[in-house]
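Here's the structure we're looking at; comments come further down.
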Amino acid sequence: MQDILDEISAEMRKRTDRGTVANYIPQLACVDPNQFAMSVVLPDGQTFSTGDADTLFSIQSISKVFTLTIALGKLGDHLWSHVGREPSGDPFNSIVQLEHEQGKPRNPFINAGAIAVVDSIMSGHQPKESLAEILEFVRFLANDKSICIDEKVARSEIETGHRNASLAHFMASFDRISHPVEHVLGTYFHHCSISMNCKQLAHAGLFLAFDGTNPIYGTRVVSPERSRRISSLMLMCGHYDGSGEFAFRVGLPGKSGVGGGILAVAPGEASIAVWSPGLDKIGNSKLGTEALELLVKHTGWSIFAK
Amino acid sequence: MQDILDEISAEMRKRTDRGTVANYIPQLACVDPNQFAMSVVLPDGQTFSTGDADTLFSIQSISKVFTLTIALGKLGDHLWSHVGREPSGDPFNSIVQLEHEQGKPRNPFINAGAIAVVDSIMSGHQPKESLAEILEFVRFLANDKSICIDEKVARSEIETGHRNASLAHFMASFDRISHPVEHVLGTYFHHCSISMNCKQLAHAGLFLAFDGTNPIYGTRVVSPERSRRISSLMLMCGHYDGSGEFAFRVGLPGKSGVGGGILAVAPGEASIAVWSPGLDKIGNSKLGTEALELLVKHTGWSIFAK
Amino acid sequence: MQDILDEISAEMRKRTDRGTVANYIPQLACVDPNQFAMSVVLPDGQTFSTGDADTLFSIQSISKVFTLTIALGKLGDHLWSHVGREPSGDPFNSIVQLEHEQGKPRNPFINAGAIAVVDSIMSGHQPKESLAEILEFVRFLANDKSICIDEKVARSEIETGHRNASLAHFMASFDRISHPVEHVLGTYFHHCSISMNCKQLAHAGLFLAFDGTNPIYGTRVVSPERSRRISSLMLMCGHYDGSGEFAFRVGLPGKSGVGGGILAVAPGEASIAVWSPGLDKIGNSKLGTEALELLVKHTGWSIFAK
Amino acid sequence: MQDILDEISAEMRKRTDRGTVANYIPQLACVDPNQFAMSVVLPDGQTFSTGDADTLFSIQSISKVFTLTIALGKLGDHLWSHVGREPSGDPFNSIVQLEHEQGKPRNPFINAGAIAVVDSIMSGHQPKESLAEILEFVRFLANDKSICIDEKVARSEIETGHRNASLAHFMASFDRISHPVEHVLGTYFHHCSISMNCKQLAHAGLFLAFDGTNPIYGTRVVSPERSRRISSLMLMCGHYDGSGEFAFRVGLPGKSGVGGGILAVAPGEASIAVWSPGLDKIGNSKLGTEALELLVKHTGWSIFAK
């Protein structure tokens, strides 16, 4: 495995077209696009890494996987009255679909859906308390108490987050937001600003590759059925309107973030985190996707393979 | 396996809400909604069936899997200049997406996409020749020379097929159709009117469950990579704007038809065909989906399971 | 003229289907739907009225005519880089068009357009100053210093104005709003909350019926060309997606508000204000439209008549 | 008047940016873009012309005014169950609106609407008979029996008319077309191919400028109310998604065709035809619009003027 990762890393270093770093969040725009990292965790806990696997990056939308997991724990299937579970065919921040479907977001991974999920887990609490809960859960999953929120990124997002504010107010106009819009947005922007490195992220996603149970410690996070359902949503909607492309090329459930990270899970095999800040046109890590494509080619881990 | 199928069959017999038989094609509207059948083929060729597994039904959109396979064989990746590979988030016969994307269909399984695929494989031939080729391929896959087109259904579709005619002319107005629209539509409607039973259909799909090679005879139909890609398209787009729901509940690549059939593949395990004519609101077999959900529960065949 | 108005008023009193009072702004929801008023001002200053013509009502979107006039005075044709001048074919608060046209509102009379117009006239000022300017202009037009803003209505709008907040943030995300979104919204909601009666409103609109000059005092408000252009925008877009219907039935440039008022101008003839709180499905005063239809039938004032 | 027209003509000759000749109908693509003509008919029959006012051109969508008039005569207000009367905010050949509103076209002047209008007047007749009726009506209006259909243009349109075929089949799929689609399209394409010169066209539109009665002969074509309503539809929808712009700049009810003609009416004053083959981006005659703008500046004929 280490050889495979090093080969991929070497290959990625050669690539000159590395995509474009997200520029709409000023704090993310200044990240060096030449960075690359990948970590693979096997069920026995062995962790293989290559590149800048200890460098922290902003996980951004990957956080949506963790809040979705929390929300399903709190609301169960009732969550699906707040948010749908179909791919949207639209960009991550589209509002058109909301107007056509009376303010109900198509799935939990587009921005509107994730904002609705955050609202659904706040249960009358203040943003601080909700954030503490989310952060605690991520630390528990990764078994790492050092994971933190990057306040600078969070503030940068709040200042420039008009599009998300628009989505939240739009849903609120359909009575789909239970807490003050500012509170929900504050929580949303902060939980997108969690900083992790590839090692931590790969560990945090391990339960999804093993039917809901962390195979290292044997701790059950969610039921097998729920784990599979979260994975199916990742596959169907985890890369916005590039989800079909990702399924086609990589063939693993995955969730990307505009910070350049991708969390992917190979059921029964491994949890994988990859990071490279340059994005393709749709907003998914360009080299990250290419690296995963190579990894699957080497390992045969596609969920569509026999 | 026989016990599982019989249990599912018994369970399905009890269901009173069986959906609605497709009524926009007169010839399909008169099918008895109380029918149900399911067949499972294992890699050693063992075939387990329950219900009306010898009754022929109109495979309708399931035929799109076979023409996609032919088109990829003929055009390779060049096919993707004719048709995209993203879920559409729209109904199967929507034209809105076409206008927004200059006549290029979002994927090969919505009607517009399948019409474009049919056009791409005609290579200047007459409808008769193209149909002969498609039929030959399906017979080869199922290893059954008796498979035929139901002329009555085909004629019924042509007479009432204004929506598909609209889609085809729309694409033609963007110069995306190379043959006379009437020829393309004739071929399209006829290949949707292929009649098969569950046993035949399950056999025809077997290659997709085993990386492109029929495990009974060892004949390679497509490369492992192509097989996985076809499967990924089935998962992402095989049930129109109900694809997310199907992935969530069943967790297998599948393709439905308005005749009430579904072809599903469990990679490395089996090929499955199910048929029940009553459809849900989106146009997918209601009991068919429920039966597959039960089958996966019993067997654990979800592609998202470890 | 007095006979015509009294006849219309008598006719309107008989109507049982009076539409529905706007209920999304709590303060407006409690207005008595049985009220009706109409005022007609002729060029010599003669003012004919019927019904509750001294009762104040919330002019709501009719205020958009006055801010558009101010904005054209300040920015001239440069205003059209901020907002278009085509009918939208969409409801007054639709956001779909904004996404399709990169945040530029289709015309100054849909909500998004009016918010952009308000932003364009703030010129770095605080909401208070901008509101004072707008109010001063309306008082000048109506020659009535008693005209005021209803603070209760304004506060009620702010509290429930998520949809407009969504529109404003959406435009801000495209850098189309120059002032803090809260300031723009505060100004917008307050200027919608100006209270006027039919007499005042008819006087305020008089300049538009006489090529930009108030014929009573001979004061020129805008040039003839600008007056005609504002009138054309009222005809094309003044009743949202009911503008075609209004032009078809009434045949006069008009602007409606969800408070139940309509300002209409008969070029060269008169300025007309009508008010009845019940709205049709699209959000225009039901009896107001019917009364104008009758008035035009009696007077022949249609701009399409010889 | 002659001086005004000659001045406009001289001004237009100077213009170098003359727009682009419609190229999607091959037969229209070869028209010389340097031509220009304008005719004005006054109520006493005096006809003033400038430029190539005897040159025949394809009236294209201007024919929609005449079929609308026939349809209102046959169906009265029942026509509005077939077609709406709101501006669409979309291009002339958009299909998006049709899908959102169950196949009912927004107004009679977008292509889908005009196709529905043609279908509504066929009353079970063959295309030939319907065309004879339309042609007879246009000849009667213009008092000129020499007016003919250009068969070459008609055939050229049929061969390349996939977009209109798509619209017709789409409406047929909602059971909104009563005759065979091919018959309706044949009639539609042929009536768009009527050839007229500016003099003939200005005469044909005269009734609309005088409340439905031709003032030269005193023949009443339609009632005053109907005449005003047709005019209002021309103003609101006569230039597709450039209707707001035309109302803003010209201020007269008008209908354009992609052949480069525009028919405009100044109520109580005159009927005007203008022709210049080069089109703006939206598909309306570029110089034609500019010439009308100048004419209104000279005459003050805007319907929004006092």
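Letters are used for the chains, namely A, B, C and D, taken in the order the chains are written, and counting of residues starts over at 1 for each.
The definition used in the following text is that a contact is a pair of C-beta atoms (placed from the backbone, for glycine too) under 8 Å apart; a residue touches a chain by one contact, two chains touch by 3 or more.
It should be emphasised that the depicted structure is a prediction, and the values quoted were computed from it without experimental measurement.
As a test of understanding: of all chains, whose mean C-alpha position lies farthest from that of chain A?
The chain lying farthest from chain A is D.
Which whole number of Å gives the spacing of the CA centres of chain B and chain C?
Chain centres of chain B and chain C, defined by C-alpha means, are spaced 55 Å apart.
Report the inter-chain centroid distance for chain A and chain C in whole angstrom, where each centroid is the mean of the CA atoms.
47
Please output the residue numbers of chain D that touch at least 2 other chains, ranges allowed.
Touching at least two other chains: none.
Okay, what are all the chain pairs that touch?
A-B, A-C, B-D, C-D
Applying the document's contact rule, which stretches of chain C touch chain A when the two form their complex?
Listed in rising order, the residues are 94-96, 98-100, 162-163, 165-170, 172-173, 181.
Write out the stretch or stretches of chain A touching chain B in their complex.
84-90, 97, 106-107, 209-211, 224, 227-229, 231-233, 235-237, 241-245, 247-248, 251, 253, 267-269, 302-306
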